[in-house]
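We just call them A, B, C and D in the order they show up, numbering each chain from 1.
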Amino acid sequence: MAAQSPDLARIIARLAADMAHEPQRGRVADYIPALARADADRFGIAVLTADGQMHVGGDADHGFSIQSISKVFTLTMALNRIGARLWQRVGREPSGSAFNSIVQLEHEQGLPRNPFINAGAIVVSDVILAGQTAAAATAEILDYLRMLAGDPAIAIDAEVAASEAETGHRNAALASYIKSCGRLDHAVADVLQVYFGQCAITMSCRQLARAGHYLMAGGRGPHGEVLVPPDRARRINALMLTCGHYDGSGEFAYRVGIPGKSGVGGGILAVVPGRASIAVWSPGLNARGSSMIGSLALERLAEAMGWSVFAA
Amino acid sequence: MAAQSPDLARIIARLAADMAHEPQRGRVADYIPALARADADRFGIAVLTADGQMHVGGDADHGFSIQSISKVFTLTMALNRIGARLWQRVGREPSGSAFNSIVQLEHEQGLPRNPFINAGAIVVSDVILAGQTAAAATAEILDYLRMLAGDPAIAIDAEVAASEAETGHRNAALASYIKSCGRLDHAVADVLQVYFGQCAITMSCRQLARAGHYLMAGGRGPHGEVLVPPDRARRINALMLTCGHYDGSGEFAYRVGIPGKSGVGGGILAVVPGRASIAVWSPGLNARGSSMIGSLALERLAEAMGWSVFAA
Amino acid sequence: MAAQSPDLARIIARLAADMAHEPQRGRVADYIPALARADADRFGIAVLTADGQMHVGGDADHGFSIQSISKVFTLTMALNRIGARLWQRVGREPSGSAFNSIVQLEHEQGLPRNPFINAGAIVVSDVILAGQTAAAATAEILDYLRMLAGDPAIAIDAEVAASEAETGHRNAALASYIKSCGRLDHAVADVLQVYFGQCAITMSCRQLARAGHYLMAGGRGPHGEVLVPPDRARRINALMLTCGHYDGSGEFAYRVGIPGKSGVGGGILAVVPGRASIAVWSPGLNARGSSMIGSLALERLAEAMGWSVFAA
Amino acid sequence: MAAQSPDLARIIARLAADMAHEPQRGRVADYIPALARADADRFGIAVLTADGQMHVGGDADHGFSIQSISKVFTLTMALNRIGARLWQRVGREPSGSAFNSIVQLEHEQGLPRNPFINAGAIVVSDVILAGQTAAAATAEILDYLRMLAGDPAIAIDAEVAASEAETGHRNAALASYIKSCGRLDHAVADVLQVYFGQCAITMSCRQLARAGHYLMAGGRGPHGEVLVPPDRARRINALMLTCGHYDGSGEFAYRVGIPGKSGVGGGILAVVPGRASIAVWSPGLNARGSSMIGSLALERLAEAMGWSVFAA
């Protein structure tokens, strides 16, 4: 593989320019005021390559609500805590359903299909809660993100967290249902507090790309430190590819071809194993709840760089 | 990447030896006599690498019923025929359901989730039927496989085809349902004849690995000839990864990490983009209907060779 | 109970006049030409009371396709044949689903919820097929209807039967699904022939009201002959009330309050235990597939006569 | 109709004796301690006939938790409050599902199928909450029951109410789900307080039979006072028949043939329009969650008295 950085810088600059003019930008999530205020014209991208170079474009330093992207990191934390025992509490299969569907839970007795749908992430929150208060668990998640991104300034947006808690009846339904199946160890209110807290973390593309370094680099952080074993990084990538975009996961694999996890704040974390950790952000969403412009940018970037994991 | 062939030959020999002694071999499919007679002790493997070398182990030249592996090739044929219009008739998402589920069809008005579940492959058969008889369409599929594998001796097992037709009430239900939604152009009986015919093709691991060359090689066949455009090969690989093992697709991606398509005859075709086309065979199936020993062999091979597309 | 006949004659005459002017008449079934030609302005009613008097109004002697009303009579025949063993093959619960839903079949392994949804009636057809050809079974059903109605001229509309067979892919899906679960003894094609044949019987309101006499009269026919035991008549009435209008059964019970069975030809057979056997017909259907004007007429008649089984 | 009382007294005495020796008594609900302590050997019956006579047998004066039987009375209260507008918030169809299923809610956007499944009763609680606190609404329900039964001593079992609240995660999931669809006006916690309160009311068979008088008597109470209009009583009876036993409603209609509503405390309220209001109690439940001995007693009583609404 040829040195990629010069081309990459040019490609990213071009992408950022192009994305600014794309007419179809999707719909900004409007279920809470803090998200509804986001500007659909925004677009940011940050690409951290295996050689340690960071390339950015557009609003790469603008903070946004990472929302479900946090599920990648809490999954990592839960696996670090209890290893493969996690898979007795949550599955590893695509759900074929929307992110907040409860039908699958009833058909499968409260065992969520995978850790990237809301129900699965709620179980992951319950794992992280073990032995501590909801406040402590939330702080632990925040600290983990700060460590991964190398930025102690990363914070939870209190307004977002409060709004999520206020309007989160669907998530309360999911958590209560799982609890009713005897599959949550802690009180529903505590589990939800942790879950809503992690969703309300604000990060920029630059911070997020850096936080994803270990997934691209066989489990190692930017300084070569071992964060997770290589096979754990590899398997989280596999889960991101098959389950990272709810019922749009197949489409993303088909079009883009790299592991990714989206959030309704408009961010997407994407991983090119051995090559790059990428974060994009644009608040307008497609019908599946993933960033419309962000997905397009990743498709073009992967195409231009030959980064699809499915390409020869 | 270092020259892989010497190691590969040794690894394959070791794998074949190890697989012979694995105690847990799964259950042979018994819904038709021809499959039920298969010997669960069998194991074959063939690996065709990008440099054109073929490595084999075990019963690599023993013919078996390819069953659903044929869906990869008929999908290729349908895309070659009508291109992206195919996606108006079948989706690209994992179904989260068993291979023969009809529930999803009712909830989504007869639009199958993807071309690798039975319902989707039935629609693909309908596409191939256009402008010809069922016999001609079946012959066209067989010819395509013969061409891909470079072996004009490949044939349909008439006993298997007849048994499939006789016992295929679930597939008849799927086809009739799709027809009732106005989503089949041809008569149900004709579509099923094509579908049952393709499932009854007999191939060996060696033939299958060769037939899969284009998926590993950016669309090119063993002699460098362009069979499909590179992006088509890439996208078929993506579909194999997200949907290739029904409701065990996530598990296969998690454990093995390469695109693959299994059949109830015990075969699996797997693709390492840019590296290798692999076929394994062992008739005993796991709970999801994929070869138990075949899956294990692929997991060990991918691990040993570092072939997971999700590894750094 | 006071002599009801004088009032009844007047009420029926008034009803027939009123129904002629109702503006909202529903939509005529159009899935086959013979039904699509029906005139939505038509309305017929026939009421046979316990004292043997027949009162008619409107187009009471106009023949129409009885369609699913036939399910009441084939259920009676199947119970006469194999008694309570029938309930090992079909349930007795409302389905909560549309008449042709296949979802429930998958969730309950091919056991239809009740004999009045299509899937259940297909199983009933299979029971009647035992020991005879499809033609003979169809003839037996026709003969039973002729006997019940006391009219040997009742016939199957060959055009309707042929159209049903031609377009009946959904029913073929249901039958194939049940067969795939090992729950049909005979070939799908034979079972469907019987099923389509019974649906294509043409009867008038007068004939139908007479055929329903045994349900109103504790199992006895118009001449006092025992056709079924009293408890069988009672139980069939119960099934009609809970399951007779698919996912509109609760609504019919709520509004009308008497056992009834509707057909997409626009007919409804209704039973007031101990009082009357009623047939109404008007081809326009409501959203649940029952006659809109026919339901309204029954509601008004039951109200006027105090015939609801739920009234004090 | 002949004078029924002498026979009835004898039949009830015989029933109570027979029921004491029935070997198959079902399983006592054990999800909360207060219910789990119930003695499966108990059986009580009270029959209040249209002429005002009360006949009792067995433990007719033993209090038990009425649980879901309360849904009949809260439905009556909600209809008295807002009339037919209630049907914009809850359906009138049998659900075909278990009492606590959430699948239907997702498929139908949070509109419960009927007021007798938990989801529907939760909506009814929300209606009763309008304009008052949860404590006031609960008191209003209790007062209504006291008035209907003519017994100011009827009370809520505080232990049961507390246990329900503690373990009621499934109901919390249902309420949260409905709330997430925008279909609850009040806070989930308040709605659940009302719901759990009504379920925890303790009554005896004698009290319950008296409370059901208006349903048997065209809306009039024991002293002839109009409690609801006749058509309301009739329609509530219709709903009890089609929906009163969850996914065992069809079976109850088939076997017993009268409107009834069961509770997991082992009570059943049954109504013979124009004839009798009946309450039975025995704590052991069948697979559908209705009293096993209670159902059997009602079947025998209806048979002996010819009380099925479906009999000639």
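The rule is simple: a residue touches a chain if its C-beta (ideal position, glycine included) is under 8 Å from a C-beta of that chain, and two chains touch if they have at least 3 such contacts.
Predicted, not measured: the structure shown is a model, and the values here were computed from it.
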**Fill in**
At the largest C-alpha centroid distance from chain A we find chain C
**Message:** For chain A versus chain D, what separation do you get between their C-alpha means, in angstrom?
**Reply:** 48
**Complete:** Distance between the CA centroids of chain C and chain D (whole Å) is 32
**Centre distance in Å when chain A and chain C are each reduced to the mean of their C-alpha atoms** = 56
**Prompt:** Which residue numbers or ranges of chain A touch two or more of the other chains?
**Reply:** none
**Chain pairs that touch, as defined at the top of this document** = A-B, A-D, B-C, C-D
**Contact footprint of chain D on chain A as seen in their complex** = 101-103, 105-107, 169-170, 172-174, 176-177, 179-180, 188
**Asked** Okay, in this complex, where on chain D does chain C touch?
**Response** 50, 91-97, 104, 113-114, 216-219, 230, 233-235, 237-239, 241-243, 247-251, 253-254, 257, 259, 273-274, 308-312
